[in-house]
Each structure stands twice: as C-alpha cells, then as structure tokens.
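After this come two complexes, each holding chain A, first together with chain B and then together with chain C.
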Partner chain A sequence: MKRGDIDTSVWVGGSITVFAVLFAILGFFWQPFDPLMIDLTSRFADPSLAHPLGKDGFGRDMLSRLMAGAWKSLTMGFGATFLALSIGVPVALFAGYMRGWVDQLIMRVVDVFLSIPSLVFALIIIVSLGTSHMNALIALGIATSPRFVRIIRTIVMDTMAHDYVTAARARGETALFIQYREVLPNIWPPIIIEGSINVGFALMAGAALSYLGLGTQPPAADWGVLVRDGQQAINQSIWPLLGPAITISIAIVGFNLLGEGLRDQIARTKVHEHG
Partner chain B sequence: MLAKIISRSVTGLFTLLMVSLVIFVSTQFLPGDAAVTLLGDNATEEALSHLREELGLNEPAVTQYLRWVGGIVQGDFGVSQTLGLPIGTILGDRFIASLQLTILTILVAAIVAIPLGVLSAIGQGSTIDRTVLSISYLGISIPDFVFGPLLIVAFALPPLALLPSSGYVPLSDDPLAWLRHMILPVTALTAVLTAHLVRQTRSGMLEVLKSDYVRTARLKGLPERQVLWRHCLRNGLATTLTVLALDLGFVMGSIVVIEEVFAYPGIGRLTVFAIGDRDIPLIQATTLVIAATFVVANILADIAHSMLNPKLE
Partner chain C sequence: MADTVLSVRDLSIEFDVGGIARPAVRDLSFDLSAGEVLGIVGESGSGKSTILFAIMRYLADNARVPNGSIRVGTQELLTLSRRELDHFRGNRIAMIFQDPTGALNPSMRVGDQIAEGILRHQTLTVAEARAKTMSWMARVQLETPKLTYAKFPHELSGGQRQRVMIALALAMEPDVLLMDEPTTALDAVVQAHILELVRTLAVEENLALVFVTHDLAAIAKVADRILVLYAGELMENGPANLVLNNPSHPYTQALLKAMPKLDWSEPALAIPGMISEAVDRFSACVFVDRCAQVKEKCRTTRPKLEPRRNGVVSRCHFQPFKPKLSARPPRVEISIPVKDSSSILQLNNVTLEYPLKGVGLSGFLPWEAKQFQAVRDVSFNVPANGALAIVGESGSGKSTIARAILGLMPVARGTLIFGGEDIAQFSRTRLREFRQMVQIAFQHPTSSLNPRKRILHQVARPVLLAGQTRDAGLQAAEEMLSAVGLNASFHDRMPASLSGGQLQRVAIARAFVSCPKLLILDEPTTALDVSVQAGILELLVELKLNTGCTFLLISHDLAVVRQIAQDILVLKGGVVCETGDIDQVFSNPQHEYTKTLLNAALQV
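Now for the complex of A and B:
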C-alpha cells in the first residue's frame, strides 16, 4: 500500500503510538535519574535543563517518574486488552459457531455483564483480587471482555455464512478446526481494530483506577498515580500535574486516532470492493 | 405501548437480579476469612466467631444471598462495618447528590451536543464542522481524572479563584452555593459525554440526510426548514437518545472518578471509600445501586425511544 493511501489520522495516531511504546520501553530500562530518589532540598523544583519537567514534593525527578510510569500504564492498556481478547475471542467463536440456544444463553449472560458499567465492574473484581498493578490489569481485562464477545460474535456469524466454511463442514471438519482454522484467520483485521481502540480505553481506565488508589501502589507510579500526586501538590506547584496530564492525554489521542482511523479506512475499502 | 413497557420492565428486573448475583458472588466469598480481614490477625477466636455469626458467614451461600436480596427489597441494605450505621441511612443523601450530578451532566451534554452535532452534519466539511470535530476529538481523549484537576488549577486557584475546588452544598440550603459547587464537576463530567454525543449525533444526522425519505421530501418541494425539523431531527433524536442511554454506563463510571477528584460526597466516592476499607456490605450496596441506576435508565430510554419512533414496533 502506498503511503498516500493511508489516512492522516492513522499516520498521526500510529506515530504517536510508536513513540509512546518506545518511550515506555526506554523507561523500563533507563531513566535519567532514579525515579524513587528522594531529595528534600529540591522539593517542587521548577523545570530546568537537568530536570525538564521539574521535581515533585519529595524532590524526585518528574521526567524519570513519567518514564518509569509509561511502562506501567502501557502494560495496563495492552495487557488488559490482550486478556479481554483472550477471553472474548474464544467465547465469541463458540457462540457464533454453535448458534441456537447455546448462543442465546451466552448472549444473555453477556448482556448482564454489559449492564454493569465497566469501571464499576472492574472495581467489584478488584475487591476480590486486592489492589495492585497486576490485579487492576486483570480486573480491567475481565470487565471489558463482554463487549468483545458481543462485537466479535456478530463478525463470526457473518463469516460462518461463507462458502469455505460450508465446504469445511461438508468435509466433516471438527468444530474446533472450523472455529480456529477457518473462521479465526479471516477475522483478524476487525479483531485488531477493536483491540487497538480498546487499548486507549484500558490505558485510561487503568490510570483512573490508580488515581483512585486501587491500581498501581506507591512508591511505584503509573500515570494515574502521578496525576493524583500532582493534584495534591497544586497549591505548591503545577508542574507535577502538568507533565503527566499532558503526556497521558497525548498518548490517548494517539491510540484513538490510530484505532478509529483504521476502522474508517477498512470500512471505506469495503465500500470500494462492493461497488 | 403498555405491553412494551411491561415486557421491558420484566427483562429489566431479571437483569437486575442477575447483576445482584454477580456483585454478591464476586464480593462475598473472598479468598481468606472475611472476619480475619476485618478484625486483623490478632483478634480473639471469640470475637471472630461472633463476627462470623453476625455476618452470617456460617450459613450456606444460597441462604446468604437470598437474605441479602430479601433485605434490599425491604429497603434494608445491612450495616456498614466501618461506619457502624445502617447503610440505608447513608445511601439516600449520597444517591441524591450523585443523581443531581448525573442529571445536570446529561442535560448540559444534550443541550450543547445536539445542536452542534446537527449544525456539523448540515455543514459537513465546513469550518464549523471541522472545528467541532477537532474539539470533540480532544474531548474524548482527555481522561476525566486529568481534566478535573486541570479545571481546578484554572478556575479554583489564584489568580482566578472563581469557584470552590471541592465539596457539596444541598440545593435547599443555599441555591447559589449549590450551583457554584456543581459547575466544575459537571463540566468535567460533561466534556467526554458531549464530545461523544456530538460525534454520534453528527453521524446519525448524516445518515438521515442521505436517506430516501429525506430526498423524497425535498423532491416534493417541502421547504428545507421543514425537511430538517420534521423529518431529520425526530429520527436523529431517537438515535441520540439510544447513544445517551448507553453512554450513561460510562458516566456512572466517570462519576466514581470525578467525585473523588472534587471530594464530592456522592455514591461514587462512598464506593471508593468502601473498597479502600474493605467494607463488604457497603461495597455491595453502592455498586448495586450504581448498576441498578444504569439498568433503570436504559429501560426508560428504550421506552422513550419507541415513543419517539413508533415505526420500530
């Protein structure tokens, strides 16, 4: 595909996403200063050449904390989405393949889960798991999976109507073979698109859980913890709030642009194919 | 219409029962002993067994669930372990406080988003359209817990210091103070909702504008104004209403966060407090009330939708 064929939104969103991922990977291995190093002589230091984002109330370098936090926040976004897909895709394949009362039963259960707001659902799961970065990730993954079941099941049902699936059935292939060898390979594009849209949401919701004190636990910090610490310090300095606030917003703009841009582009390509 | 209302209420009631089961199962049977969690490792065996008795932890799971649901039906939500008060007495005021936030948010979002979405769709590709789209993009991308603190910095701190940064005053005590406390939280809650609603209204309207019956109405020579008002808006609004009802789930989650940002004494903040203190009866009550509000709102939206658009029947 020529570069001219790619939407601006996909291009911009993709660049921001790649940059955010590189930033997080770099932050996992290296930060300019130790993000936990306390220096009470330089509390709330304004931005300077050595500390471009200033320092927080413990004199910790904000850029270093932001870089270490990027890894925590992005693993939350990608990890929760990966878990949601690992639950959602098999259930959707099964329901879409079986149809009939099995499908109806699964969808009624999905409807019940969907009638609990996902952040509240995540909170309920956290009650039984306890508060930590990993548990917030698991809770978000479970809480967002019903939405995937509903979306992907519809796609599975459309795919099941194709001739190659009918042919596989006529050959006497097993249910598992049809679900994972015939249907799944053909529905990757929509799965990846829905997944990438979810990464932005999961990143945001994961940081919100940490903001509430129910995700990543101090002294470790993801972007949600940093925003909360920043808010508590606004009477002394706005820098500890501004750095993480701007970073997380840009990252989410990037993920949304990429996901929705890809979705629009595929929708347009389909229109072209059909007429 | 009556049949529709009845059938929707019955399925809604069933959904609510199932939701209560999900909440109960995932919070009641925690790994480890709930009594030990509450009283700490140093508690005497006597105190522990007394608490287990009090919480009904020795009974079979089904009995525990039925007693919980049975109590709620009669308005008894149990006793908060940390506050030592009947939960029913705490819940009322908190729920009303949150309801005010929710209703104001929906009203403001609808009043701002629907005209903007319609304007945007009518002038597709125009400067207005592009501006509205870009701003709404920022709106859906800035997280509520980021926008809230930024609003505080801008409007509650010097040099402006126009509005209070936190708290709540009941409307009946002092209407002006009430309004001043509502503005920032409602603005923060409205941002994402408005942005999403604008985009949905716009795409809903674009679809209607392209539809056959709008073309027919135009070909019949109806004045453009009449085409827009009578044919487009009615259908566009039905779509917007559905979107709004679904978005309410997002707003209910957002309320938990925003109440924490602005130290607003609603049901969301109570939930976070309860989880922090592992106050299980309180967690069960607050999450159930939040989920129930969402279910009821969806039923109402469904019924309103079929009233606006009887052709769907």
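Now for the complex of A and C:
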C-alpha cells in the first residue's frame, strides 16, 4: 500500500461514523413525526412510504423514535468515552511519568478494576448512583477508564524514553509541563484509535443497560429501550425490533472498523518510514 | 577481470513518490570478481543501500528499474521468477545488515538459526548441519562454539551477534556477500576486529564482497576497490589505495577532508550544502552545487565517466586537481590553552548505581533490591573554559556520568561539586539556576527534538523557563538559530522536515540559548555523515570560542574527540583508566586499554 492511500476499513468505518453522527444531530432537532405521538388506530403498522420503519405497539412512528434515540445512544457512546479518557489519560501520564513504586501501586489498583468485566463494573456503579441516562453514562465512563490507563501508560513510557523528554527534565521543566506539553501531543494517535473503539463498546453497553431498564427511562427512548420494546412485541410484528437492532449493529461495526483500520494504517505508515 | 562474479551494467533505479519518479540510482556499472572486496561509499541519500537491495531483488514496492542489468555469473537477476529467487538468495547471494539484533530471531538459539539456514539450502542431516554450524562459529572466532550455539541473541554482545550473522551468511557458501554498514553500530575495538575478520574470510572463501558504508576509514581497512557514490551516480571507481591517497574526483577529495584526523594534522572540513534534487541531472554535474572547484562547464554539461591512470574512472570534466589547500587558516586557536586553573565541575569518588530489575515483586521490595554499579569511584575535574572528553566503549558508564551531572539519577556515593558547591546541597532556587547553566545535546537528532513542536518554539523554551518574556525568548531563539546557520525559513518548520545535521544544529541551538556555563555533548556526531559531522564540529568549536562555554564531550570516537577536547578521560567498565592532557595521552598512552583504543582507531 502506498502512503496516502486510505485503508478500506477506515473508509467504510469513517463513513458509517459520520453518517451516524449526522443522523443523531438531525434527530436531535427534527423527526418526521413526534416520536411520542400515540395513535392506537395504527398499532404495529407495517412499513409504508410515510412510515418507512413501521409503527410500534402504541402506533408511534419507528423512524422518528430511532432518530430521537440516536442522539441518546451516541451521547452515551461519546460521553462515556470522553469521561473514560478524562480519567484514564491523566492517570496514565502520571503513572508513566513517575514510574517506580507510584506506578506499581496505580497499576495494581488498575489490575483489580480490570479483573471485573466492564459491564458488571458499570452495573455496580449504577446500583449506587440510581438509574438514569446520565448515571449510566457516568458508570460506563468510570468502568472503561482502567483499560485506557493500561494502554496509554505503556505509550507514555515509550515516549518518555526519548531524548527530548530527558532534555526537558534536565532543564528543569515541571512534571505537568513534561506530561502535558512534551508527552501528550505525541500520543494522540493511539488515544484517538482506542477512543474510537471504545465509543463502539460504550454504545453497545449503554444499549444493554437501557435494555435492562437501568439506563434511559421511558417514555424517552434510546436504541437499547427500542430493542427491548421491540423484542417484547415480537409476536405481533418484527418491525419494531428490526430497525433498532440493525442500526445498533451497524454503528458498533462502524466505530470498530474505524478504530482498527486507523491502528493498522498507522502501524503500516511506521513500517514504511523505517523501511 | 579474470572471473567476474557480479556484474552491474547501466543500472537505474527510481522511486515513485506520489506519481513522480525520483531517481535513486542512475547509469551505474561495476564488476566484481571472486576474492575481491568492493567498498561503496557515500553520504545518506546517495543510494548506496538501494543498490544492495536491488541486487537482492528486495526493493520497496514503489521502486522501478527502468534499465540496466545485474548478473551473478551468467545469470541475469532482474528477470528471475519468485521461485528461482528463493533459491538464489542465500545460495548464491547473502546480505548482512547494520543492526544484527533486528536480523536475528530473539526467541531462537543462535546456533539453531545458522543450522536452519544450512538445512534449508543444503541436503545435509541435522547432525551434519550442527557440526557445520560449529565449525563456522569457530571460523568467525566466536569463543566456545558449543556454549555459544545454545545462546539466545540477547545473551550475546553486539560484536558477537554480528559474527553470528556472518557465520549465518557464509555457512550457505554464497558467491556474493553484500554488507550494509555492518560495523557502524559497533564500538571501535570491536569494529576493528570484525573488519579484520571480514577481510580474512573474503580472501579465504574467495568471496565477491560488496561493503557499503559512509565511513571511509572502515572501507580503507577492507576494500580492494572503492566506488564513490553521490546522489545515485558513480563519481569515482578505482583501486582503494589510489582513490584514498590520490583522489581524482573533487567529491572524493572533499569526503577525505571531512574526516577528522587522529593526529590533528588538519581540521575536518565540512562539505557545504546537502544532496540536492534541484540539480538538472541531464545537463549538469550532480555535484555542481557543492563542488569547491566548480567551473562553467559543470553547469551546462553532464560529465561522462572518464578513464584515468591505473584503472581509475572518474565522472569529472577535468583532470585530477591537485588537492587544494584550504583557504581557511588552520585552527590554532583551540590548541592555545585557554582553560582556567579553577575547575567548574569536580567529581570526587563518585559511584553510580542502577537498581537491577527482578521479575514481578522480587527486587521491588526494599530489602531485596540489588544494585548494578555502572560507575565506580570516579574522580575528575572539568577545568573552567576547558573541554574534557570522556572516552570509552558502550557500557563503560560515560553516559551515566552525564545523567548524574544533570541530576537525572541519584549519586550513590561521592560528591559532585559545581562552582565550589555540592550539587546535592543545592536549594530549589540554586538548582533552577544550575539547570540553566548546564545543558546537554544528545546523539540521536530525531529523538532529541519533540516531533510535534515548531523549531523556533523548542529553541525558545529554555529562555521562557528562565522567566523571560515570550518576545525575548523568541528573539533569543531567532538569534541562536541564525548563529547555528539556520535561517528564518526554519522557524515554523516541524522536526520531521529537517535532515539529521539540521536537527543536530537545532538541538545545539536549544542547548546554547540560555548561555550555559557547561555543555554536555553526548556523542553529538555519531549518528551523522562525515561531511555533516565536520560541519557540526566546526560549529561547536566556533560557539566555544565565542561563548567561552565549558564542554564535557562524551564519545567513543577518538578522532572526533581530538577536534574539540583539551583533556581526556578514558573510562572502562565504570573505572577511570587514564586521564590527562589529550596531546600527552595520544602521543604517550600509559594504560593498556588506551593503547588498544588508539590502535583500533581507524584512519585512512
């Protein structure tokens, strides 16, 4: 592959991501119908031109509900990742900068958290915070941050080995300057990659929490709530389930393709530079 | 020649970069017979490694070979199929790289790696292959082949690994061996031994050997013939002693003058400029913009390869020039002792230790901690305004001393006195002042600058740190950059767009901008080409004369040390062997190790 060529998975993943974000922004301001408008005369209506994804058990337009839910779901994915990075990056910079016993202590604590599956960890936090969209976001952010600490700390340590960091320490720069002005600008690419993959995971986990009734509370609906409602009504009609389920799958695949594609591409560019 | 083994004819190679063909090698021809060593020498970017990769048929995907032929015996290589190539590589041609660590499989015993190659290419039983491996390990002078066979690459030293690579390549009994900077990463003494071994084996095995390097001194040790390459074109090709002692091309002359001399008979002279892509390759000489003897004809006509006396060919319009004496006066200033009797830095019985890392928690608990003594009981003075060189092989502890002076690692025992005060007793404010007075420049230019920051801002930073205003910092940085020879067009550039020599100039500017009293230079030119190195050495001497800054130079290269230092300290295994005035030590070394180092130092 020549430099400058964009990896297919980056291209596909990036397109899905951009489309999903635009879909969510559009859904925040406008839906074809009021997503909460109940019309009991057309319960479980099949797809038609006016209602391309059909209607649910209350006769609400599924496309409108999906668009409104997109905003909720994507804020969950991006918001939880942003929170996880805001916790993970400073801790990783600190541990990687300090090394020695401080680093050991932090990493053993991180190991303890990593031993608990993220979703279970998030459940524990929600139990203490209470159920709401915002609390689910906070819980997922905290629960996924240990992974960032582990990944980014290694990259921080590699970067710290460069002479420009030694030069900064030798001329007496403060710890904060070295962490945020010398090291941080050089580790953005891996942060963006891991962040992108994490958005996909948080999107799925957020939907799972809503599915369990621990996230977004009705009548507001994110994609997880829509899947639960659709699944409960599966004997009446498949349409209320099909739309949200497929949308979630495509979005998660998109974020993962983007992240992993970027990772491959950066690895290849590095090889190219050295070879 | 009697039996030509490798024959390259009119070879051109270009790289397709964004749809534009960039020439890397042009119209290159040479022959090589069995038992002959050809040295190819040139600066980075001259295309010397590209030639080797072309012979191995291992060029990057974007490379094109528009014309030319490469023959081994009667076989044309450029038209071989993939399957034929697999047979050819290893059996007929082998290649050895600069970095043996990267070329060996870290999880496989080195003996097995050699035996694997033998089994792949020859029909032998496993036991026979092992026996052959052992005998080859003995031939490359690896001690105790039986023990070494079972070792992993990380258990061997750099020199031993390169010996393993040579055994691996030669065990397959190739006709042609290609070596790409095989000794550049090694210490001087080890390098001398490997070069000797290469020379012996080439004769014994009747090899056609191509030895590529930027180091004329290394090539002088091994080569029968020397091919000088510039911007992908052959400049001069001829018997080694003629090319080195009586060069017929201005570029060869310039390269020889750029080499620092151990006897300090004349200063190293830089070749101004760098390999340029702007030169019109069809109607001018490629060396036109850097040649000291350029005439009008050079700008309008591309010179042909002209035969000169005794089998030398030279791509120059003009007959051999008499090597012109430099217009500049010889640098006598620095030989006048300007150093004061007082010392700026004093080390008293300093011992430095690294904690040895154990597995998991072992070694982490305080009562289990083990220490490795990198430097033992070292004492020396750095005279104010002087220049002290610390010389030693890798692992001798010379960089560790630099780290300790900078306060980057604790001093286990002993005291460091700076300007009459113990560094360990410094108050916070005094420590801040001290850090401005002591600066460092590193070996690797790419690593010593932050890739995400603009040049001007990186140079200005030490001034801002000292509490000056932003404008004052930027102005000081601009002045410093122009003092190191980088004009305003560099200010807003990122490090990735600069060459190694330019990066090193930026690093030196950053070190000098806060007007330090003491500058530590940690192998400042090791990673650079000779022509660039000479420029950096000139710059350092000039800055030293202008600022009166004291230098502490750390190096393994005695010839480089000779250009700058007045005093020398020879370090081995963390212990001082010898110290004294550089003239005295060089002319009358007392310690055995100093003698070994001086003997191993390569000169043309």
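A few points about this structure:
Heads up, the rule we're going with is that the second predicted complex is superposed on the first by the 271 of 275 C-alpha atoms of A that agree within 3 Å, B and C clash if a C-alpha of one lies under 4 Å from a C-alpha of the other, contacts with A are read in each partner's own complex, and residues count from 1 in each chain.
Following the convention adopted for this analysis, contacts are C-beta pairs under 8 Å (C-beta built on N, C-alpha and C of every residue); 3 or more make two chains touch, one makes a residue touch a chain.
Because the structure is predicted, anything quoted here is derived from the model rather than measured.
Contact with chain C, but none with chain B, is seen for A:162 once the two complexes are overlaid on the shared chain. Using the contact criterion defined above for the overlaid structures, shared-chain residue A:233 touches neither chain B nor chain C, since it reaches no partner.
In the superposition on chain A, contact is made by A:119 with chain B only, not with chain C. In the superposition on chain A, A:192 makes contact with neither chain B nor chain C. Looking at the shared chain after the overlay, A:111 reaches chain B, while chain C stays out of its contact range. Taking chain A as the reference chain, the count of touched residues is higher for B when chain B and chain C are set side by side.
Contacts of A:220 after superposition on the shared chain: neither chain B nor chain C is touched. Shared contact residues of chain A, touching chain B in one structure and chain C in the other, are absent.
Listed in rising order, the residues of chain A touching chain C in the complex are 2, 4, 101, 104, 162-164, 166-167, 169-173, 182, 185-186, 275. On chain B, the positions that touch chain A within their shared complex are 15, 18-19, 22-23, 26-27, 29-31, 137-138, 140-146, 149-150, 152-153, 157, 249-250, 252-254, 256-257, 260-261, 271-272, 275-276, 278, 280, 283, 287, 290-291, 294-295, 298.
In the complex of the two chains, the chain A residues touching chain B come out as 109, 111-120, 123-128, 200, 204-205, 207-208, 211-214, 224, 227-228, 230-231, 234-235, 238, 241, 244-245, 248-249, 252-253, 256-257. Chain contact summary for the complex, chain C toward chain A: residues 18, 60-62, 364, 406-408, 431-432, 435-436, 438-440, 442-444, 447-453, 458, 461-462, 465, 507, 510, 514.
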